[in-house]
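Presented sequentially are two complexes of subunit A, the first with subunit B as partner and the second with subunit C.
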Partner chain A sequence: MAEHTLVGHRVPRIDSLDKATGQARYTADLTLPRMLYGKVLRSPHAHARILNIDASKAERLRGVKAVVTGRDTAGVRWGVFRYTRDQQLLTGDKVRYIGEDVAAVAAEDEETAMEALELIEVDYEVLPAVFGPLEAMQEGAPQIHDHAENNINIHVPIEVGDVEKGFKKSYHVREDRFVDSEYTYCQTEPYAVLVNCDLSGNLEIWTPNASPHTKAKALSNLLEMPLTKVKVRRICTGGAFGGRSDIFPGEFIAALMALKAARPVKLVYTREESFTSVRQAHSMIVDLKTGVRKDGTLLANEIKVIMDGGAYSSTGPIATSVPFLVWEETYRLPNVRFNGYRVYTNKPVRGMYRCHGRAFLGGLGMQLDMIAEELGIDPVEMRLRNALRTGDTQATGSKIISCGLSEALQQAAEKSGWKEKRGKLPFGKGIGMGANGMMVGFPMGIRGGSSAMIKFNEDGGATLISGVVDTGSGNDSMVVQIAADVLGLKMEDVNLVSADSEITPLDQGAYSQAAAFVSANAAMAAAIDAREQILNIASDMLDATVEELGLRDGYVYMKERPERNIWMGKAIRKALMDDTPIMGRGSYMPKIDQTREWVSNPKGQQAGTFSFGAVVAEVEVDAETGQVRVSNVTGAHDCGFAINPMAVEGQLEGSVASGGVGATLLEEHYWDGGQMLNASMLEYKVPLSVDMPQITPIIVESMDPEGPFGAKEAGLWGSMNMFQAIGNAIYDAVGVWIKDFPITPDKVLAALEERNRD
Partner chain B sequence: MEKRLIHLSVNGDEYDVVVRPNQTLLEVLREDLELTGAKEGCGEGACGTCTVLLEGKPVRSCLTLAVEAQGKQIETVEGLASDGELHPVQKAFIEHGAIQCGFCTPAMILTTKAFLEENPNPSEGEARRAISGVVCRCTGYAKIVAAMMATAGEL
Partner chain C sequence: MRLPKFEHLQPESLEEALELLAEHGEQAKVIAGGTELLVSMKHGLLAPSYLVNLKEIPELNFIAYDGEGGLRIGALTKLATLIGSPVIQESFAVLSRAASLVAAPPLQQMGTLAGNLCLDTRCLYYNQSRFWRQARPRCYKTGGDTCHVVKGGNRCLAAYQGDVAPALIALGASVKIAKKGADRIVPLADLYTGKGERPLALQADEVLVEVQVAAEAARWGGDYQKLRYRGAMDFPLVGVAAVVSRDGLDTIARASLVLTAVSTAPILAEEAGRLLQGQELTDELVAQAAGAAYEVARPVNNIGSNPSYRRKMVRVLTKRAIRNAWVRE
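Our next item is the complex of A and B:
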């Protein structure tokens, strides 16, 4: 990549100056003239019928400008899919979890809004509630939604090959159950939304989000307003990790109040509300049966997953499928049966999380190690034997067009000193491996592609207009880096307008790991288009063919005779005079099977491409206290090509915190029935700087044939395979398998005691 | 609650503000002075994103009453760059890729500045401990610690 001045280099991100100086604006930082402050009244019951709401006293309180209840919105239901429309964003008839939105107030100040909430009288008829998926599936359990018998929300059945035959032919078969509890995104920025409306019927929305276009579409449907009038604006987002994707009651409620009061309304959630009333990650019960040949080759898998989905669907069909998909995206599975059930309970709503599926992926990766040990095979060898390779087809039909999994496995093993350490460290110290593959984008219809434009100023500077969304991982900077590289400009000469549902073209948003593949491809295509136009004009001016020309440092030059050059601004001016202004235009739609559907048709090309990774974790286990400390992590990830290696590494490092130390060892919620007991950052423990291991990132570049410059994705590097690595390392350290995540000291001690008893 | 007039000195500028006695420094900075660099991540002293410097020492402004800050020098992230020059800690954070979503960044930078002024040549472990009161959910702290170590000795 020597010819590239920017792409492939470690460059500071374009957004970091604003963020380092306090100038970056997040939703709660915004104020508008005559802005009102909103507050939401939440359900104190896990399951209850609403008999009556009387808000008249609140409406009369001085300073209150709008009160909304379910009566204002009766019948309006939200669901990510047509078949999952089960949530009234302001509930009218029933509450289904503690913390659900029942009514809201907008007032001149926050104190008044809070006072008004206390004046709203709600009569509830408390109903029996159910708090676990197994109980909820039993005959006679309280039914949470009329349409869902046995409270089954989503069932994803997938079957490939002949599973029974596979088990019959297996030399060795193993069955295990893995479980985990709920955990949370806990982005540092709490949920917030600001809505402005004007008398021409325009609605402007600022809220931390992973896709302004998705939010705008949903709000336009729910409010029955034209999409053209619903404008979700760009705003800095303080982390997403999958938790800012679908539509939440907050933006709907704030919009209703802004429309009612005809004034801007800002609604900022407390940390407690962000915990209970936005999204959490699912808990799971996972039953795994795996059959292998004597040499460790996988022959049959039977997998059953029961997920606690909470009160509503959210992204349920995706959430139920993804753990399985990530597994078939890693290994060759000739015969596999998957049954995923997402079950309604009277708990808050669960969504997709960056390290989604710890019981599932941790379980499968640990079971692989158990089998490897039983057969006397090295875990690295076991993975290499089953790893997908370029040209393979996954169980449900996706072709792999580039795959650096074997290389990632080998490099992670080599750089971590696997051979010298595995099974050879003193008691209490251990080393373990994990691996996974990852879809880069998935079927989202018209919203699955991205487009971009580039325009120029007469001084040679450019503005890239892209739908790309940056929730913190560096997507904004990435598209600018690409456009500047293609156009021979400096990054500071390229402005970016992004993530505004009115101004910027459609883009899938910052989820499904698609930004570096899809959004960046679109931005690159727009830059190439503009470049061709510039070179065409310049070829006349320099009396040369387009092929003879290059672009560098704002000049068009002849490659053979660089002293023959013109300033790009000149070509841009000439194009304006000639009435052929230079405007780059590009788009990219990944080559996926658009008929693929999560539940009804889980077959066909799932994503444009797939990324792959392997991690090795080293742990120290204190057998006295049960405390596990991760001391080293070596991670190798096939991101296709690292557009900005510094940003790519940052993704692994963040993943080691959230997926590794956090999700594997620390993070979980405690409950009393439907009441979350630790909806506070004092009690919900997330990794701190002192909890973190030394991290060695290794970038593997498989140069994807479709990706921009070969790039795929790096966002989920490590976050989905750290569980296995740490679980396996603990076994290597002290000889016990912990099958219940997070692996807290009490579980380690209990397992050690049990082993000592036997 | 009776409001009262207080005098605050922030980033070398003097302000008269009318506050309620129970108003936190964070609220006054963000709402009255429109200095929104300090963030409210939790409002209960746990996350550290509201960190500002009081007499050069990091404090959680969500747990500090505005009235308590009277007569003391308050520094926020907005005051760090001077004459268009970034502070070395800001530069290091930018160059080392220590900033992702940026929500923790003002607190991390201010905490680092105060720490390095006290302890110009720390070990990596000391640097890690210094920022252990500020939560970052994006970076895994690796590049933040790298930026801290790169600035060590420069202040």
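Our next item is the complex of A and C:
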């Protein structure tokens, strides 16, 4: 990689300065001439039939320009999949959770909109409600959707090998139940949307999102408008963590009101609305049965997961599958049976959250440690014996083309001083390990690939046009860095136009950790295409073959005689005069089995490639209060290749906080029935800077044969394996297993008291 | 969330402020740092027509100490100023420690001493938006006749969660309360009514203007222990302040233990103090005192975490507070 001036180097991200100085503009910061302010009327009932809505008084209030209710949208239903269209984005007949959208108002100012909401009269017939998935599955439980008996929304069965035989051959079998509360994303930026509507009926939409193309397509379907008229514009997104992926009522409602009023409408949610009325993460109950040989080799797994899906399907089929997938993506599983159930309840809708499956992967990773202890095997060794390797095929058929899991396990153990510490620290201090594998992309049909273009200015600068979406993780900077490197330019010489559904080509979006692998591959291909065109022209001008030429610092030069060079701008100008303007184009579609389907056909190549990580956490447990402090985290991640090592490290640090320390130890919802008691940043415990451990990131590079420069992904290491690491470290510290997440101090203390009683 | 409409009044002297409060009565609220008041107003819990801003009144912003008259702190003193004050750090360490554990540094820069002492009681069913609250009947604290925390409860059990009050009560502090034409000085402990719905014994036209601590307290050792899930920001789930003085080398002359967040007001654990008085400090005695503190704690399930756990933590924190206070004496 010696020839690279940018790729592989630590470079500041292109968006850092704007964000650090507060100059970056987010949706709520935008204003348009004649803009109206929207507000949504929400259900105060967890389950009720709507008998009547009378909005006439609100419509007559001075300053109110549009009122919409379910009557305006009867029959319009949203679902991520054709078979999950169960959510009316503005409900007409029934409400199914507290906070559901019932009506909305757009007015000249926010106060008027709020006043108008109070004038809308809704007659409800309150229905019996159900709040837990186990209760919801019982006979006689209130049925939330007519189509779903026993409130079962999704059932994903997967079976590979001969599970009974595997257990029979096992030397040791263990069964455990792990449970987990829900959590909320708590992105810094609350949900917001601005919709502009012109007289020709064109809609422009700004909203934090993971894919403008997916949003645009969904809205065009829901509003029955051609895609050419629905334009989702680029906007800074203040954090995603999976919570910007789906289609939400807000953008649909704002669009309806903008069309009705023929004026721009902005809708900005309160923090409370962002908690209850966008998406939350699933809670789950996980039953795990695992059989192993005497040497710790996994022989059989039987897994049952029951997830609380809330009122609607959202990403249900994905959510119900991924807990299993992240397990088969980590270890060799010869015989496995999985049954995942996603169950409707009268709670807010659950969606993706930094992948899925805290209790699941956390539980499996802790159960591995339990088994290792019972067999007298070191937990690192236990993982190494079962870890996937390059060339392996996963249980449901995905081939592993690059795998640095073993290196990650070894390096995390070595750098953290595992051998000197594990089992040897004084009471109250402990060390534990977690590991994970992670899909890089998943089947998304025509939207599963990415394409990009590059054009040039006459002064030698370039503009990269890519569908890449950056929800805060640095994807924009990454594609600029790659294009600049390939073209021998500085990063500041490359402009980026991205994430606009009208202007930029299709891209899979910031889902499934695919941006570095797919979007960057497309950007690299476009840059290579442009580079070839520049070198072709320059070879005439320098009287040299293309092979003899290089590009650096804005000049084309002869590699053997660097003093023979021309300014790149000259080549670009010559191309214009010759009527062969330089336009780079590139695309990438990952090699995925497109017949694979989450429920009906969970077999075949799931993702283009897979990333792998290992984390070692060290904890200090106060045995009198049960409080756990994570003091150190050493994380090793096989990201394929680090395009920008500083950005890769930043991703680890972020995932240790979001999804890591917070989700394992602190974050949970308090409920009274269907009402959330702590929908605020004060009472919902996102970790603070003082709660963060020392973090030592280690980059493992397995050089993926498909990835751009060998890169895969870097977004989901700590957040997928910190649960196991912390749970295992607590056991090492004080000798108790906590199987109920989050591991709050009261649970630790109760476990210690129980052990002391025995 | 948006603030409701109100008129902002800007007096330049205490006299003028008291005049305004006398004039507007229940229609007015005093604002200093605003860190609690503005949130409550956004939630629609309070809707005063007038806010009387005390921030520009210099006579309420001071820290004065002399060996005879003791410590006097003006109501408007920022928590950050209190924490940084050398005399408080040296002679009233329990106070600077308690103040330093309030919320987080940005809020300590805004929040004032009197504002913290006058914190309203809190409850997960009360500190919510108007939309949230309309989903259920009014509770005692919002003018109704039910409690959502203790089903069938006959009064409001919202928790007092201030950190600074227990430290000052343990130091035997008094507060000066002013209204138009009259002042009164009362023990700080008497500021708290124990009524969840109306936790402060302050009339609408009164302002807490000064905190006073006797000079002898400068010689006592003290500690404040706070349980919260995060390293900053959170209100206490349990707080325990301990102040002890020595008689000779090994005997406790006087001990004062005050609990917070486990009832509707700060609780003076009198029996715990009595047990310690005149005794030599032993593990057994500390455990007994902690047990006595545990007995008077009455947490209910209204501020997060579970109440039986919080009550157990009264024991643990009391032990730690006594031990630390003794070492510092």
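Criterion: the second predicted complex is superposed on the first by the 757 of 758 C-alpha atoms of A that agree within 3 Å, B and C clash if a C-alpha of one lies under 4 Å from a C-alpha of the other, contacts with A are read in each partner's own complex, and residues count from 1 in each chain.
We take it that a residue touches a chain if its C-beta (ideal position, glycine included) is under 8 Å from a C-beta of that chain, and two chains touch if they have at least 3 such contacts.
What you see is a predicted model; the values in this text were computed from it and never measured.
Enquirer: Once the structures are superposed on A, label A:187 by its partner contacts, choosing first (subunit B), second (subunit C), both or neither.
Expert: first
Enquirer: Once the shared chain is lined up, is A:690 touching subunit B (first), subunit C (second), both, or neither of them?
Expert: In the superposition, A:690 contacts both subunit B and subunit C.
Enquirer: Have a look at where A:414 lands relative to subunit B and subunit C in the superposition and call it first, second, both or neither.
Expert: neither
Enquirer: Of the partners subunit B and subunit C, which touch A:593 in the superposed model: first, second, both, neither?
Expert: In the superposed model, A:593 contacts neither subunit B nor subunit C.
Enquirer: In this superposed model, does subunit C or subunit B come into contact with more residues of subunit A?
Expert: B
Enquirer: Touching A:392, do we find subunit B (first), subunit C (second), both, or neither?
Expert: neither
Enquirer: When the two structures are overlaid on chain A, which partner does A:108 contact: first (subunit B), second (subunit C), both, or neither?
Expert: Once the two structures are laid over each other on A, A:108 reaches no partner at all.
Enquirer: Of the partners subunit B and subunit C, which touch A:746 in the superposed model: first, second, both, neither?
Expert: In the superposition, A:746 touches subunit C alone.
Enquirer: With both complexes superposed on chain A, which partner does A:42 reach: first (subunit B), second (subunit C), both or neither?
Expert: A:42 contacts subunit C only, not subunit B.
Enquirer: Return first, second, both or neither, reflecting whether A:682 touches subunit B, subunit C, both chains, or no partner chain.
Expert: A:682: touches subunit B and subunit C.
Enquirer: Using the superposition described at the top, list the residues of subunit A that contact subunit B and also contact subunit C.
Expert: 270, 682, 687-688, 690
Enquirer: With touch defined as at the start, can you tell me which subunit A residues reach subunit B in the complex?
Expert: It is residues 10, 12-13, 15-26, 28-29, 31, 185-190, 236-239, 241, 270-271, 471-474, 646-647, 649-650, 652-658, 680-682, 686-690, 692, 695 of subunit A that touch subunit B.
Enquirer: Considering the complex alone, what residue numbers of subunit C touch subunit A?
Expert: Its residues touching subunit A are 1-2, 104, 124-125, 128-129, 131-132, 134-136, 148, 227, 229-235, 304-306, 309, 312-313, 316.
Enquirer: Where on subunit B is subunit A touching in the complex?
Expert: Spelled out, the residues of subunit B in touch with subunit A are 30, 34-47, 49, 76-78, 80-81, 86, 90, 93-97, 99-106, 109, 128-129, 131-145.
Enquirer: Spell out the part of subunit A that touches subunit C in their complex, as residue ranges.
Expert: Those in contact with subunit C are residues 42, 44-45, 98, 110-111, 114, 270, 272, 624-627, 666, 670, 672, 675, 677-679, 682-683, 685, 687-688, 690-691, 744-746, 749-750.
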